[in-house]
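In the two complexes that follow, chain A is the common piece, with chain B as its partner first and chain C second.
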Partner chain A sequence: QPSWDKKWPFWTMSNLQREVQCLPRGLCRTAWGLGGTCVNVGCIPKKLMHQAALLGVAMDDAGKFGWSIPGPVSHDWSTLAQAVQNYVKSLNWGHRVQLQNRKVKYFNTRGSLLDRHTVRGLDAKGTEMTLTARNIVIATGGRPRYPTHVPGAREFGITSDDLFWLKESPGKTCVSRLLIWLPGSVLLVFRHVVVHLCSSDLFRSSQSWLVVGASYVGLECAGLLAGIGLDASVMVRSVALRGFDQQMARLVTGHMEACGTRFHWGCVPTSIEKLPSGLLQVKWTEVRSDLERVEREDTFSSVLWAIGEREVGRERWGEEVAVDKMGRVPETTGLNLPQVGVQLHPDTGKIVVATDERTTVSNVYAIGDVAEGRPELTPTAVKAGKLLARRLAGQSNQLMDYHSVPTTVFTPLEYGCVGLSEESAESRYGKDNIEVYHAFYKPLEFTIAERDASHCYVKVVCDRAGVQRVLGLHFTGPSAGEVIQGFAVSVRCGLTYAQLRDTVGIHPTCAEELTKIHITKRSGLDATVTGC
Partner chain B sequence: MEVLVHFSRMQASYLTFRLPVSLVCVVRRRMASDAVTRFDFLVIGGGSGGLAGARRAAELGATCAVIENNRLGGTCVNVGCVPKKVMWNTSVHAEYLHDHADYGFEGAQAHFSWQLIKNKRDAYVSHLNQIYRNNLDKARIQTIQGNARFTDDPEPTVDVSGKKYTAPHILIATGGHPSTVSDEDVPGASLGITSDGFFELESCPRHSVLVGAGYIAVEMAGILSSLGSKTSLIIRHDGVLRNFDALISSNCTKELENSGIDLWRNTQVKSVQKTEQGLNITLGTKDAKDKDAKEKTDRIQGVDCLLWAIGREPNTAGLNLSQMGVKLDPKGCIVVDEFQNTTRQGIYALGDVCGKALLTPVAIAAGRKLAHRLFEGKAESKLDYTNIPTVVFTHPPIGTIGLTEDEAIRSWGKTSVKAYTTSFTPMYYTITSRKTKCVMKLVCVGKEEKVVGLHMQGPGCDEMLQGFAVAIKMGATKADFDNTIAIHPTSSEELVTMR
Partner chain C sequence: MAKYEEIQVHGYEEFCKAVSERRGKDIFAYFSGDKDDQGKSWCPDCVKAEPVVRGQLAHLPAGSVFLYCLVGARPYWKDPNNEFKKTLKLTGVPTLLRYGTPQKLVEEECFKADLVRMMFTED
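Take a look at the complex of A and B:
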């Protein structure tokens, strides 16, 4: 029985095995390797497939740059999926080697807490073991959530956990039907308008994916599917990218719409059935106003659940029911947490933590997606873990700072940001006390490619008083992730508007637009950049 | 007089609108100085720096004129950054086309049409020329077409095609041009072209030979090679970009060779002959470090494009500067102080003609700062020439700012300098057969580890640098980098997770 290690006196439960249940449609059965969500079903496969989607767009552009592609081009999902999966497996192995090199003992077992110092492990063969430790860190992450109120959701739909491990792209052909249901109080004349509005959807193309939810996961999945030439629709209950700057969110979805992704706004799914043809028949309610609802249905080859935070649905007419408060479910079941005194948040089910990542049990810590109120992002989890390890080893007392966390949404038009959204800055400081600088710019690579650049935009939100400290910085355009990182360092150093403007630009790049920004929203002047 | 009347009327209508009192003064002054047109600000050179200065001055209420002997926009727009980046983007597509199959796309085989991209590039450049023209018109800045020459008048005065212009503030922003080699030094040298000529090529050369190891040489070599031209690069020493950090110099040299460019080290062009099959270029190779080595002679045959990329020179010829008391340095660049003042009162210079930081945004910023100093009374308005970020559009691109490691050691001593380096394969290339590395170096000094230099080469480094440049200019330390949360998965996150 292992005892406390002197150098690293704690056990983490992050790497204990997670076994994915047999998928509803029998597509695959996956046992993840080391690396968690990011490596297996998150950032890594997502970004690789996003790259594939960008290459799809690049192929259209290539013609404008003088490259003519004579033959028809098709995309083979299995080639891409195989390459992605091989890379993920190499990372799994890399993590395993690193654990070994650092003399971290690795148990491939399912763990639960017996008391504040004891973990019981149970592996796949049913062998039991008991581990004791001075400190215990819970980093079990989360999983995508299926809606509970939609019949057929779990049986016929998949989530982002499954998408990257599909061996084949789902089949083609689908027919479309429409059904309108209106409450009696709505006038007949209105009905005609509705019929007219909806009929444009009657003749749909084939090989269609429906992504439910416009969280960043949902939009990224829809974007990569569209990029490799598949038909993607997104169903949105209310707004896209909740929690992000909403002007930026509209630019992101606007760009996707302009590129052919269909958005069903104000829609809530009600059921999924499988037709004899193998296609999925999805029924949903479109809420057009308090009085007007339309029941609609359509068929898709696949349905992917990517419900964001706080999706509130209406199960029945006039009766509001809160469903699925959070998008992702924390992996806390079976850990026996409440029994040993680790408190879970009543709404989210996540582990309640203090600023030093401590749970309600003083020697038990929680980091990453499983911890309440923490951003669901890999780098924050990594950093929080490293800082915690140093504190526990007595090397430092530095706490994790969760402010000014930069992030990037890898949609077809990437969106990177750091700091506050315009809305949060407004509510925190007041509309009169912030200055918003903005510009619509045209990347040089869009000019020759004759691409629509109307969604390429930069915005800097500043405190209006004194030195005009930068509160938030937002960028949509190519390579947003690479652009924003450096600005995040400068925001951390206390960036002011003057310092931003005093830096010489790099010409011709997209990133330089942030240093050239000078039109305020308040001025009402045209914010379109012209010339160099 | 006809001209004077015309200008007076134009100025008058403008000034009436603004300030009727000064109108009277302006007209009176004009009458006195006989056929010399007066402005508040006269700019020689309609490139990035000159246009930015003139426009800002006009915004601040000055009457301005810009003298240009060629197309508006200068080097950047016509034969520099803009058309170069268009060609770089074009060549990036060549790289993507190699990767399509690895990412699951079938049937993406392409033929390249140089003519198509050249036409589109030219059309875009003309479009920009027009935008500049409109911007000047909107700002009511007079555009004067022709060559400027300072006259012998006691007050600094410029003559363009026989007409005289003057202003209390005259800015020289004439830029530069590529250096050439004379036929006396290298017989047949004039059979070659420069980067200016590159933008006139009507087809993709089958075999290109480039001479030079600077950023223009490596950019042009990368573009030509990617677009399918057999490319040879002739360099005098062991590596390219020798004034960059050693990491970048060695990595870029390696990348050029890996991409299939035929690199001739320690080599110089001896002579060029024209034949029916193209140019025959005779090369002499001798390792300067090896004193006893004999020069080896080689010949490259059938070359259809010889491109000299051996540096740039200031455009000062014909300005008659020697008569004006405007001092030039030994290389012919105009000597200016930190406020862009030349040695003659009332004459200023900025941009490439000063030979320092030959970059569009530097000239633009310097022009605007000068305008604020001259026309807004901001006596301290000047450009800070330290920590200027630069990107070289090689394959993959290079980003650099601040001091190289060697420079930092020279200034602070070896013990106070700490360099962090990393080298990795970006995620994009993990599933491709074509591989490229990304290398990065942070140069830090002192106990607080202030970041004084950042040097990197790799995919995405072009867009990566700008934000870090802001942070470095603010005086960021290694700890500030470390305390910034990474963005995953990107290449730039490596810069905030360096150990």
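Take a look at the complex of A and C:
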């Protein structure tokens, strides 16, 4: 039984005998139930679809482990989508029941602030209501961004918000739709045409996805699409997984490339058009250097926008460019925040908060993706909310600790980490003052499956001095999230290299490699693990 | 004129037939253990929940269906392979569910009038 208390800070408030009311924010293209981004269009559907892709890989491996799988294996999107969407809806319902059980009043209306103590609500029928409250907490999150400076972006592209709610196969082709209504005799002739088309560029590109953006959202989406058998390409402006350890990011994308996902590095889209065939023609610029730019184009069946970090007013390609704000858009419009004195960050548009989640209006708070400077992660938002509730009820002074927050990118080869990236540690401590231990390893399960393990890697970044405190832990490999979680606890406790090395590994696992690392980058020795 | 239609069925086959005859309708199904000659169910929670659920029927949306289903005798229900458990995935009686959606209330949840009303009135 999942514990609903993980999602909503409000139940904590009601447990603490305070009256709580809840207004979910306005909705966009798909109607969402309770639970926010994570439940409806984020972590939950993403991980389930990632699992679908992993099962595809498992079926590929199964033959080598003795299983006989008759005939070719194919994936049906509608089956997956329905199962995922049903599960999400059951979570929505569970949250609704929990709010009711914990005596949290729920108003399905669009809220905005009239003043620091008054909230106005407008429901779907246009009925207005007002509520007053001693304290107000804003947790409206963010939404994916469309690059509005690219013609056709909004009309022809979709985002992760839409991907997980597609009912039909995203790989369905115009040709396959035709086959459905043709009578039998004509079908026989047509089949020859189809077979010819199948080997042509037309057919290949008519089943293909272009994901623009190499943030974790982009890579995870491209990864799961490729994993269920679709043709996927990723377009990257500069680097993948900005903000993450870049060596690890290259291992993640290296693995995807080795699996057949095409990467267009150094490219920015310039336009999207819909062709009479229904395919999308995408034009883009490949920036090879400050002076060399190549215009390119190709056709895809679908385009997904997953654009990452922003560039504000920077020089690009030798000229001053007004660059649109990138990254997820904080949901603050219509809340009336500046008018009541809640300050928004000038670059990101997110709500400025202090260490206790307080905004510039002393009784108004903000948590989660909508707050400036916070990780865009579910668990930090949830925990921050719970601690805030306890503080507001006068039961605790504990502040949310945003340091050493572990996270995992659920790409085909998963990447889990906690603490500093190697480059952050270098810039903070100096290259000579850190010691980086590392190893390339091979998961046992990859051996008889004959799978490529060249991107499976662990890295521990330590303070070089004294007890060699662990500053960052990085792992690419299967079940990276499960591997890293326990290590995150030890890092919070001040883990040192010696403690890591003194811990007995569990054998045979991938995680044990973290207890065995001893080759330093500094030594220049080959870091490939050999033997048992 | 009643806002909603009430229909009573007994057993899995009758339940499926009633549902198939009402495709496209918003069906709220209530499952209870069989009742004896005096109208009392072998399931004590069902005895407790039924007046609560019936007390909220006025809140059912217009055009919806209230499908009252007696599942069978106690030994039938206790068999983990009975059709209600296997196919409909019911875990207990009483259960109140909105057919074709994940919305459901099970056992003690059916004692709470506010939860029942919530299911009937919210989307």
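In the analysis below, the second predicted complex is superposed on the first by the 453 of 532 C-alpha atoms of A that agree within 3 Å, B and C clash if a C-alpha of one lies under 4 Å from a C-alpha of the other, contacts with A are read in each partner's own complex, and residues count from 1 in each chain.
Note that a contact is a pair of C-beta atoms (placed from the backbone, for glycine too) under 8 Å apart; a residue touches a chain by one contact, two chains touch by 3 or more.
None of these values were measured; they are calculated from a predicted model.
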{"item": "Clash-or-fit label for the pair chain B, chain C on chain A", "value": "fit"}
{"item": "Chain B versus chain C as contact partner of A:100, first or second or both or neither", "value": "second"}
{"item": "Partner chain(s) touched by A:108 [first = chain B, second = chain C, both, neither]", "value": "second"}
{"item": "Partner chain(s) touched by A:488 [first = chain B, second = chain C, both, neither]", "value": "first"}
{"item": "Partner chain in contact with A:447 - chain B first, chain C second, else both or neither", "value": "first"}
{"item": "Partner chain(s) touched by A:76 [first = chain B, second = chain C, both, neither]", "value": "first"}
{"item": "First (chain B), second (chain C), both or neither touched by A:89", "value": "second"}
{"item": "Which of chain B and chain C A:241 touches, first, second, both or neither", "value": "neither"}
{"item": "When both partners are placed on the shared chain, which of chain B and chain C touches more of chain A", "value": "B"}
{"item": "Superposed arrangement (fit on chain A Cα atoms) - minimum chain B/chain C Cα distance in Å", "value": "10"}
{"item": "On chain A, positions contacted by chain B and by chain C", "value": "86-87"}
{"item": "Chain C - residues contacting chain A, complex", "value": "101-105, 109, 112, 114-115, 118, 122"}
{"item": "Of chain B, residues touching chain A in the complex", "value": "48, 73, 76-77, 81-82, 85-86, 89-90, 93-94, 96-97, 99-117, 120-121, 124, 128, 131-132, 135, 359-362, 364-365, 383-384, 387-391, 399, 427-428, 430-431, 460, 462-471, 473-476, 480-481, 483-493, 495-496"}
{"item": "Of all residues in chain A, those that touch chain B in their complex", "value": "38, 43-44, 47-48, 51-52, 55-56, 58-59, 61-62, 64-80, 83-84, 86-87, 228, 377-380, 382-383, 401, 404-408, 416, 444-445, 447-448, 478-479, 481-490, 492-495, 499-500, 502-512, 514-515, 530-532"}
{"item": "Sites on chain A touched by chain C in the complex", "value": "86-87, 89-90, 92-93, 96-97, 100-101, 108"}
